[in-house]
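Order of writing sets the labels: A, B and C. Residues in every chain begin at 1.
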Amino acid sequence: MCVWQRRQFSLLALFFQMIFLILFSLFCRYIDPLDDSKRIYSGTDYPLFQDVHLMIFVGFGFLMAFLKRYGFSAVSVNLLLSAFVIQWAMLLRGFLSKQFQETGTFTLGVPEMMCADNSCAVVLITMGVLLGRMTPVQFLLLAFFETSFSVLVDHIVFNILHVNDGGRSLVVHAFGAYFGLAAALVGKKKNVMEMDEQGSIHHSDLFSMIGTLLLWVFFPSFNAAVQEPEDARHRAIMNTYLAMASGTVTTFILSSLVDNLGRFNMIHIQSSTLSGGVAIGSAANAVLYPSHAVAVGICASFVSVIGHAWLSPKLEKRFKLYDTCGVHNLHGIPGILAGIFSIIFALGYEPESYGKTLYHIYPHFEGGPMNGERNREIQAVYQLAGMGVTLATAVVGGLMTGTLLLPGQADRRSADFQSDSSEMSQWVQHNWRFLEQELLERERLHEIY
Amino acid sequence: MCVWQRRQFSLLALFFQMIFLILFSLFCRYIDPLDDSKRIYSGTDYPLFQDVHLMIFVGFGFLMAFLKRYGFSAVSVNLLLSAFVIQWAMLLRGFLSKQFQETGTFTLGVPEMMCADNSCAVVLITMGVLLGRMTPVQFLLLAFFETSFSVLVDHIVFNILHVNDGGRSLVVHAFGAYFGLAAALVGKKKNVMEMDEQGSIHHSDLFSMIGTLLLWVFFPSFNAAVQEPEDARHRAIMNTYLAMASGTVTTFILSSLVDNLGRFNMIHIQSSTLSGGVAIGSAANAVLYPSHAVAVGICASFVSVIGHAWLSPKLEKRFKLYDTCGVHNLHGIPGILAGIFSIIFALGYEPESYGKTLYHIYPHFEGGPMNGERNREIQAVYQLAGMGVTLATAVVGGLMTGTLLLPGQADRRSADFQSDSSEMSQWVQHNWRFLEQELLERERLHEIY
Amino acid sequence: MCVWQRRQFSLLALFFQMIFLILFSLFCRYIDPLDDSKRIYSGTDYPLFQDVHLMIFVGFGFLMAFLKRYGFSAVSVNLLLSAFVIQWAMLLRGFLSKQFQETGTFTLGVPEMMCADNSCAVVLITMGVLLGRMTPVQFLLLAFFETSFSVLVDHIVFNILHVNDGGRSLVVHAFGAYFGLAAALVGKKKNVMEMDEQGSIHHSDLFSMIGTLLLWVFFPSFNAAVQEPEDARHRAIMNTYLAMASGTVTTFILSSLVDNLGRFNMIHIQSSTLSGGVAIGSAANAVLYPSHAVAVGICASFVSVIGHAWLSPKLEKRFKLYDTCGVHNLHGIPGILAGIFSIIFALGYEPESYGKTLYHIYPHFEGGPMNGERNREIQAVYQLAGMGVTLATAVVGGLMTGTLLLPGQADRRSADFQSDSSEMSQWVQHNWRFLEQELLERERLHEIY
C-alpha cells in the first residue's frame, strides 16, 4: 500500500477536524449566561438527552456487533462516525438557523445536542446497511455527505413544510435506511461465496442483544425527546411504550409462524421487536388512544417480520441489494409506515382534541399563532409531501454518494480476486468474503429454540 | 411434531394479543390533555421510570444469561414475557381501579407504566426459578396466570390492607420467588445426570455481571420509584444505597468464609450482592437512621450467602426443589426479611418523626386524612397480615399454576428418555439435560480467585 | 496456605464493616424530614447521580474487563472496592464537615452520595494501574489508605485553597493515576516473560468497549454533576460533549498515524477517546467558547495517544513502571492537562463574563459574598497550588501505600519462582505470568482494521 493510502484516513479526518475547529471558533457561541430570559436549564431536558445519547453510542454500536469478525469494528466505527457527525451536524444546523442569518453566529444548548445525536442516528442506520463493505475513509466521507443531505431534509420538513414528524421516524429512520439502500444498490456485488470455516456466534448475538434491549428500553425517550408541551411528550412516551410491547409480542408470534418448525428467529428478535417504536414515531405525540398505539405496534412488526422472511431474500436475489443488518425491515418499511400513519392520524382525529397543544403538533393549523391556514386535509397533504421529500432526497443522495464512494466495486469484485492490484480494494474483498461467510453462518444458526 | 404443537405458541399468543387490543380499545384511555388539573407531567417521574425499565429489560435479562446454552433464550424470553405482562398488567390493574368502577374506563400515565414494569419483575423472578425447564408456551401461560394473581395481591396489600411495602419487596420479590418455587416443587425432577462436555463459561458470567451491576446501580430507583412525597423518596434512595454497599462487602466476606480455601464464589457475587436492596425494600421509605440501613444490608447478605451455601443444596436433596438461578436466596429469603423489617420499623420508630409524611407511609394511621385508627402495634399486625397474604397467595398460585403447566413431568422424566413419544416433552428433556450439565460445570468453575 | 492467610480477607473486611456500622450509628444521620428549609429534593440531582453511579459500577468495571483471564475478577473486585469506599468516604467526609465539628453528627443526602461515588472513581483508577498484581486483601487496604488521602486532598483543594476543579479532573483523575503509578513504582517487577498460549481476546475487548462507551456517554454528567448554578452546569455538559467529540475524532486520526500501516489500535480507542472529557474536567464549568472545548479535546487525545505509543513503553523499559490498563495516558497526563487548562482559563477570561456565577466557580474572587481578595492572577496561582498539592499527595501517598502493601515483591519475583514457599506470593506470581501473557497477546492483536 502506498503512503497516501495508508495515511488517507488520517489526513482526511485531520482536514475535517481542523475545519470544524475553525468554524466553531468563528461562528459558534454558548447561550449568554447573563441573559436570564434565554437561559436554557439543563435539568428539564438533560435526562431525556442522556437516554438518547446512550441509544446512539451503546445501543446502535452493539446492535451492529452481531458479526463475529466485525463486532469490534462496528462498535468503534460507530463511535468514530458519531463523534464526527456530532460536530458537523451542529455546525450545519447552526448555519441554517434564523439566528445565524440575523447575527452571524449561532448558539448551542441541550436541544442542539439532541439534534446532533439524531443526526448520528441517521448515519448509523445507513452504516448498518453497508457494514463490512466499506473502509473507514469511505465511511467518513459517507458521514460527511449524508449528514449534509440529512440536515437539509430536516430543515425542509420541519421549518418549511411544517410537518409533524415527532419521533423523527421519517427524517431519521426512513431517510437513513433508504439512503443506505440506494448506496448499496450502486455498490452491489455479484457472487455469494460459501466459506468453510465454522463457528458459533452465540456471544456475538448476546452482544447484539445489549444493543437491541437498550434501544428497546429508551425508544420512548427517543420519540419524546423533542416534544413539547408536556402533554405531547407524555403521549409520545406512552404511545411508544405500548407500540413496543404489542410489537414485540407480535414479532415472536410471526417469527414462530414463518418458521417451518415453529421456532423463533434471532434476527427477528434483534430487529423487528423495535419496529413498533419506529412506526409510531412520526405521530407518537398525536395518537390519542392507547389501542391505536397497540394496533400500530402490531402492524409494524407484521411488515417487519414479513420483510425479513420474504422481501429481503427477493431484493437480494433480484436486485443484488445486500443489507448487512436488515436495516430495511427495521428502519425502512416501518419508517414509511410511520409516515402513512402520520397522515391517517392527521386526517382522523378532531383537531379540538389537542387543545392548545394542536399548534405545537401542527404549527400551521388554522387559528394558531403562526397564522396558518391548514385544515386536516391540507395538513395530511403536507405530511405526504414531507414523506415524499424525505424519501426522494434519501434515494438521490444515496445514489450520488454510492456512485462517488463505491465506484465500480461490483465489477472489480466480480473479476478474479487475486489479480486485483489495488490493496485497498483487496481489503474490501477480503472483508467481503468474511462478511458473506458470517451472514451464511448466521442464517444457519438462526433458530434459538 | 404435529402442526398444533408447532403452531401452539403462535396461536395462543395471537389470541392473547387480540384480546388485549380489544380490551385496550374498549376500556383504556389517556389522561385528558385539556384537563390541566389531572395532567401528569412526564418530567418528574420519568427518569426514575427509565431506571426501572432498564432494570427489567436489560438487568433481569442478562442476570439470567449465565447459562452458556441459555443466554440468548433467557434474554429473549425475558423480552417476550415482559412485553406480554406489560399489557396484561395494565389492563388488570385498570379493571381493579376505582376509576373503572365509576366510569367504565380507566386512564394511563407514567405511574401506570411503573406498575406494569413492576409486574414484569414478578414474572421474571419466577422465570429465574424455572429457566431452562419450560417451553415458551408454558412460560406464556405462566405469565398470564401469575400476573393475575400478582395484581390481585397488589390490590389487597395496598388498597385493602394499606400495608407499607415501599420498594415492593413483598409483592414483587417474595411473591415472585415463592410462586416460582411452589411451581418448581410440582414440576420437580428426579435424577441429576453428569455430562461429559467441557467448556468455559467465562463470557457467560461476564454477561450475567452486566445484569447484576445494572440491578445494583438502579436498585435505589426501584425502591424509590413510587414513593412520595420527596422526603420519603429521598430516604428510600439513601437507605437502599447504604444497604447495597454494606451488603456487598458482607457478601464478599461470607463468600470467602464459606469456602475452604477462602476464595470468592461468583454465584454469590452475582446474586447475594443485591440482597441488601431487597431486604430494605419494604421499609426503604421508613428507615430513619443510616446505620439501620447498613445493618439491614449486613443481615440480608448474611442470610443470602448462607442460603446459597447450605439451604439450597438441602432443598435440592430433600425436596427435589431445583432453583435454576438461585432465586430463593436473592429474592425469596431477603423478601421475607424485608417483611419482617417492615414490622420491626413500624413498631420501633416514633410516628411523630415522619411529620406529615406519616400518612403517605401508613395511610390509615390515626389522625390522618383517611380517618384511620391504627397505632404502631395495629400497623405492625397489618404488615404481618400483608406478608401472610402475599406468601400464601404465592404458594397456592404457584402450586396451582405448576400443576396446570407441568403435569407429570417428574414421572415422565424419570422414565426412559428415548422411549418418550411426545416431541415437546423430548424438547424439555433435552433442555433439561443440558441445563444440569451447565449447572454442574458452573459449580466446578465457581471460584474466581 | 495457613488458616490466617485463607481467612485474612474475611477477617479484615469484617473488621472494617463492623467499624463502619458503629461509626454510622454514632455520627451519621439523615436530613430532618420535618425541616423543610434543609430538605434536599431528590428530583433535581438524582438523575445526574445515577449517570455517575452507572459510570462507576458498570463503566469502570467493564473498562477493566479487557484481560481475558481477569474480566470477571476486574468486574467483581471493582464492585467490592466501590461498596467499601462508598461507606468509608461518606464517613471521612462527614468527619471533616463543618456540621460535624459544630454538632458532633453529620447528615447525608444526594450530594454526599455523589461525593462518595467520586471517591470510588479515585480508587478504581488506581486499581487500573495495579490490576492483576494484587490480592483482594491488598486491594482492600489500598482502598482504605487511598480514600483517606484522597478525601484529605479534596478537603484541602476545595475548602481551604478554594480551587476550581469542577469535573474533579485533578482530585479524581490525576490523583488516582499518580497514586497508582507511585505504588506500582515500588512494587515493580523485573522480567517480562513470553508465554506460549494463544487466544483471541475479541470478546473481552467488546466487554471493555461497554465500559468505554458508558464512560463516554455519561462523561458530561460526571463533569456537570456537582456544578451550580444552572448555567455552570449547562456549560459543563456542553464543553464536555464537544471535547469528547473532537477528542474521539483526533484519537482515530493519531491512532492511524502512529501505526506503520495506518490501522487503528484498539487500546487507543478504548482509552484515548475518553481523554477529552478528563482534560476539560477542571474547567468544564468555566470554558466560555465552544471552540475552546473542541481545542482542549484535540490536545488531550494528542497527548494521550502519544503517551500510549511512545511514553508508556519508555517508562516500562527505563523505570520498570507497569501500568496494566494504561491509566497514565487516560487519567494521568490528561488530568495534569486539565490542571494547566484551568490555570489558562482562569487567567484568560474576563471575570465579568460569568456574572453572578463567578463566585460559584471561584468562591474567593474579589467582590463576592466570601469577601475574597483574589484577582485573575492570584486565582491562577491557587489553581497551580491545587495541582501541586494533589500531585504531591498522590505521589507520596502512593509510595507509602506501595511500600506498605507490596514489600519486596520485586525481589521475590526475580528469584526462582517455584522455590518460593509463600503460597500467597505464588498466587501473585502465577497471576503475574498470566497477566504478562495477556498483555503481550493483546499487543499482538491490537490492530482492528
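Please note the rule applied: contacts are C-beta pairs under 8 Å (C-beta built on N, C-alpha and C of every residue); 3 or more make two chains touch, one makes a residue touch a chain.
Predicted model, so just to flag it, every value in this text is computed and none were measured.
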item: Topology of the chain contact graph, where touching chains are joined (line, ring, star, complete, other); value: complete
item: Interface composition of copies chain A and chain B: same or different, split at half; value: different
item: Distance between chain centroids, defined by C-alpha means - chain A, chain B (Å); value: 35
item: Residue numbers of chain C (touch at least two other chains); value: 47, 203, 210
item: Chain B contact footprint on chain C (complex, rising order); value: 1, 5-10, 13-14, 16-17, 20-21, 24-25, 28-31, 33-34, 39-43, 46-47, 50, 53-54, 57-58, 61-62, 65, 68, 71-73, 75-76, 79-80, 83-84, 86-87, 108-110, 113, 135-136, 203, 207, 210
item: Residue ranges of chain C touching chain A (in the complex, touch as defined); value: 44, 47-48, 51, 202-203, 205-206, 209-210, 213-214, 216-218, 221, 224, 230-235, 237-238, 241-242, 244-250, 252-254, 256-257, 260-262, 264, 266, 269, 273, 288-291, 294-295, 298, 353-355, 357, 448-449
